[in-house]
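I've put the structures underneath this note.
Two complexes come next, and they have one chain in common, chain A, joined by chain B in the first and chain C in the second.
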Partner chain A sequence: MLKIKNNIAISDSGFVFDARTGDSFTLNTTGLEIVQLIKEGKDYQGVLQVFLDKYEVDPESFERYYLDFVATLKHMNLIEGNGED
Partner chain B sequence: MEKIKVTVALSGLNNIDSPGPGIPVIRGLKESRVLDVRVVGLAYENLEPGIYMHDLVDKTYKVPYPSDGVEPFLDRIRYIHQVENIQVLVPNFDSELFTVMKSEKVLHELGINTFLPTLQQFEERHKSNLPEYGKKYGVKVPYSDTVASIHDFLKIQDQFEYPVVVKGKFYDAYIAYDLEQVSIYFHKIAAKWGLPIVIQEFVRGTEVNVVALGDGRGNVVGAVPMRKTYITDKGKGWGGITLQDQDMMDLTQKIFSQTHWRGGMELELIRTKSNELYMIEINPRLPAWVYLAVAAGQNLPEALVLLALGKEVNPFEGYEVGKMFIRYSYDMICDLKEFEHFSTRGEV
Partner chain C sequence: MSKLTFERPIIQRVNAGLPSKYGIPRRLEPISHIDGSSIRSLLEEFGSPLFVLSEQTIRKTYREAYRAFSSRYPNVQFSWSYKTNYLNAVCNIFHQEGAWAEVVSGFEYHKALENGVPGELIIFNGPDKSIEDLKLAISNNSLIHIDHFDELYDIIHLSREMNERPKVAIRVNMDVGIYPIWDRFGFNYENGEAWDAINRVMASKTLDLIGLHTHIGTYILSTEAYRIAAGKLASLAVKLEKKYGLALKYIDMGGGFASKNTLRGAYYPGTDTAPSFDDFAEAITSGLMSSEIKPDHLPMLVLETGRALIDEAGYLAGTVLATKRLSDGRRATIIDAGVNLLFTSFWYDHDIRPVEIVSDQTEDTTLYGPLCMNIDVVRGNLMFPLLKKGDHYVIRRVGAYNNTQWLQFITFRPNVVMLDMKGKPHLIRRRESLETINSQEEIPDHLKNFNL
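Here is the complex of A and B:
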């Protein structure tokens, strides 16, 4: 399951601060929602279900965007370990 | 609680684009909750901005360059001391530390306190001694060697891969990508700061820094790690942010407990992609960004002065992570009369 590193602070505005490196990022509302769901402990299926219930999105498109987004999170060193979901 | 009145003399008033630590140290002292500080500035040049910053510096005296020798420096300090009754002297330049350390006993007899590393501590952390330092204290350092000429470098260049870092003994560092650039930077630094020149292996990664204060008994009184978020073309931090990094704190602790460092220190480190920390330099004084530590909850200048006065100082227990600084420039308007006064009489 994906886990956001514990030195990462995420504010409600979508501002992300990595206290170890000093790097900061900005998430849009969709990105923020996904990250918050990951932080709550939801795996891919859990996040997918929330988005299918809430938004008009097909599972195939969501999966593509989700994997792309998670790859960015990994690239930015925001995910613990190898970050397998 | 009544504040302790103290007169502190300090240098480093060159608050320019490559700033000395004087003004940030003074800001910490002026914000002290336990000290009521009269600040006596020591300036080398007539245009050091701190001379004219009267809200921070109460009086400034011109002093001779350290290269003029110990006696001219001491003569001037004796004169200033007669007028000001200096209780603590805080040298803020690497280049003047040796002179002040050599004069520590005389200063103490005059009633002027300092809180400096020992000569051995000062010498062994020189850039030119870094490989031995790393070996002795078990700290990762990049390979380096000193050269007094380009001919010297040609003899050892096989031990390096380009790029290399060309560094002055006290100041300046440039990354050189070939022999021609090594030659250019060698002469540029040598002309300004003298010989020898240090050639250092280039370690790829992110530069991170720690400002710390040691009590001389192996304890860290305070330490704050930082990453520069904006670096000028002179390599100076124009912005920075405090970090939460246990590895950096552990390394600081390791160095201080082994060396029993006394006084302020700036550790310059490189964090590689594989999260290894390499120490690239130890600056034997508080750095120009020390006010960030003050703002983050550790008034290290205040603690340093208290230690110099022989007071017990409890180690700081934490600091605010994510505290930022952004440097700015400001055109201060000055009176020609003041400039004239300082230029001709050496005090204002």
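Here is the complex of A and C:
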């Protein structure tokens, strides 16, 4: 299960602050939504279902962009290590 | 309830620093239509990628340029620079507007003739004119601009052999404060070679010297350079009249006016820095009018500007093939047109826009073309909206040089359409096919078969 690191604060407008490094980030709407769903403890299937219900997107495209997005979160050190989905 | 449009999820690092007081808005407004014609529909009908040329813009730009010069000088003639874009439909718009043809090779010369331009209204420039080309140009009374002494002597020989009086002009290069100096074409002004060439033409008694020509460079942002060039050509004209009593028919100031594209590495966008036609016209005409040339002998002013007349009218539209991340986390977007079609991306930071409406979100992106070649970079880095596979883009100001310098490399060259004055598309150059390429090839008998 993916887990956002404890020291990461996320505002409702998509502003992300890493208290450990002082780095800040911004998320777009879909990015924020995914991060919030991950924080709620949803796994990939759960996130996927929310998006399929709400957005004009097919499962294959969503998976592609989701995995790419999660890889970027890892690249930015925002996800707990070994957090394989 | 209808579903929301899905945008790729992204996260971006906020780089705190001093904001630039020259901050340029990052939002790229989408361009969905050209002259009222939907880009998406054009791509569906004619395939992707697709060059789109606007007849409206070509005519509007030409008339603006002509007005700038003709309102300041009594006798102005434009001559369409074939090498800038020699698609016949494009050339013919300029010819309909009254422009002559300016060509730099036998191929372009024949193209102009086939388009119906009378031989005597073709200016023949360039360092490579074969004896056959010269013979044809002489018999057609074309205006031959002499590039070097070897060519000058060839023409003198031909004039005797053919018993004709070729109409010639001397091409002059000079120092106008632009560096590097373009001294490889024509005869130099400062070292006296241009004057020597003029004397040699006059001494031959078999050539009609009717003009002087210069082309000081390309994408010139300084109008002052043109004022200096006009003054130097005028001083040669005055010397010529004084010594031989000959009044020149024309002075040809060449081209090289900058378009509104932005050069790579330029701090300000070309839309802010490129002088207007009025600026260029003011410099050139004041250079001539304030010279010592007698007012009733003012020669015709010929202009061969290409880039500034056609760049704005050309668009390259296409489709996003893929997006991926690079090793350092930056985004890469791969589009279906690369440096093979967009030769000018080697020196311009082209203005690339989404076709469909996008959100305000942008990310630092490198735009790659589709070629399996590392050099195929259309834009090194730009803040670009979050386009996905299948989304469309359009690149502005690609009318100059791309339809002549494009490469048949790895893939075919695509369809080119022209939107007429009502915005209706006309196919003006067909997409190439395997047959187009293979029809030029021959395979020796012993290489026709193989067993694998």
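Note that the second predicted complex is superposed on the first by the 85 of 85 C-alpha atoms of A that agree within 3 Å, B and C clash if a C-alpha of one lies under 4 Å from a C-alpha of the other, contacts with A are read in each partner's own complex, and residues count from 1 in each chain.
The rule is short, and it goes like this: a residue touches a chain if its C-beta (ideal position, glycine included) is under 8 Å from a C-beta of that chain, and two chains touch if they have at least 3 such contacts.
Note that the structure is a prediction, hence the values are computed from the model and not measured.
Undergrad: With the two structures overlaid on chain A, would chain B and chain C clash, or do they fit side by side?
TA: Taken together on chain A, chain C would fit alongside chain B, as the superposition shows.
Undergrad: What angle, in steps of 10 degrees, lies at chain A between chain B and chain C when each chain is taken as its C-alpha centre?
TA: 90
Undergrad: Considering only the touch criterion stated at the top, classify A:A71 as touching first (chain B), second (chain C), both, or neither.
TA: So A:A71 only meets chain C here.
Undergrad: Which partner does A:A9 contact after superposing on A: first (chain B), second (chain C), both, neither?
TA: first
Undergrad: Give one of first, second, both or neither to describe whether A:T21 is in contact with chain B, with chain C, with both, or with none.
TA: In the superposition, A:T21 contacts chain B only.
Undergrad: For A:Q45 in the superposed arrangement: first (chain B), second (chain C), both or neither?
TA: Neither: A:Q45 stays clear of chain B and chain C.
Undergrad: Which holds for A:S61: it touches chain B only (first), chain C only (second), both, or neither?
TA: Second partner only, chain C.
Undergrad: Which value in Å is the smallest Cα separation between chain B and chain C when the structures are fitted on chain A?
TA: Nearest C-alpha atoms of the two chains are 7 Å apart.
Undergrad: Taking the two structures together, which residues of chain A meet both chain B and chain C?
TA: On chain A, the chain B and chain C contacts do not overlap at all.
Undergrad: Residue numbers of chain B touching chain A in their complex, please.
TA: Those in contact with chain A are residues 206, 226-227, 229, 240-245, 321-322.
Undergrad: Of all residues in chain C, which touch chain A in the complex?
TA: Residue positions touching the partner: 3-14, 16, 323-325, 329, 359, 361, 386, 388-389.
Undergrad: For the complex, which residues does chain A have touching chain B?
TA: 7, 9, 17, 19-22
Undergrad: How about chain A: which of its residues touch chain C in the complex?
TA: Spelled out, the residues of chain A in touch with chain C are 16, 23-31, 33-35, 51, 54-57, 61-62, 65-66, 68-69, 71-73, 75-76, 78.
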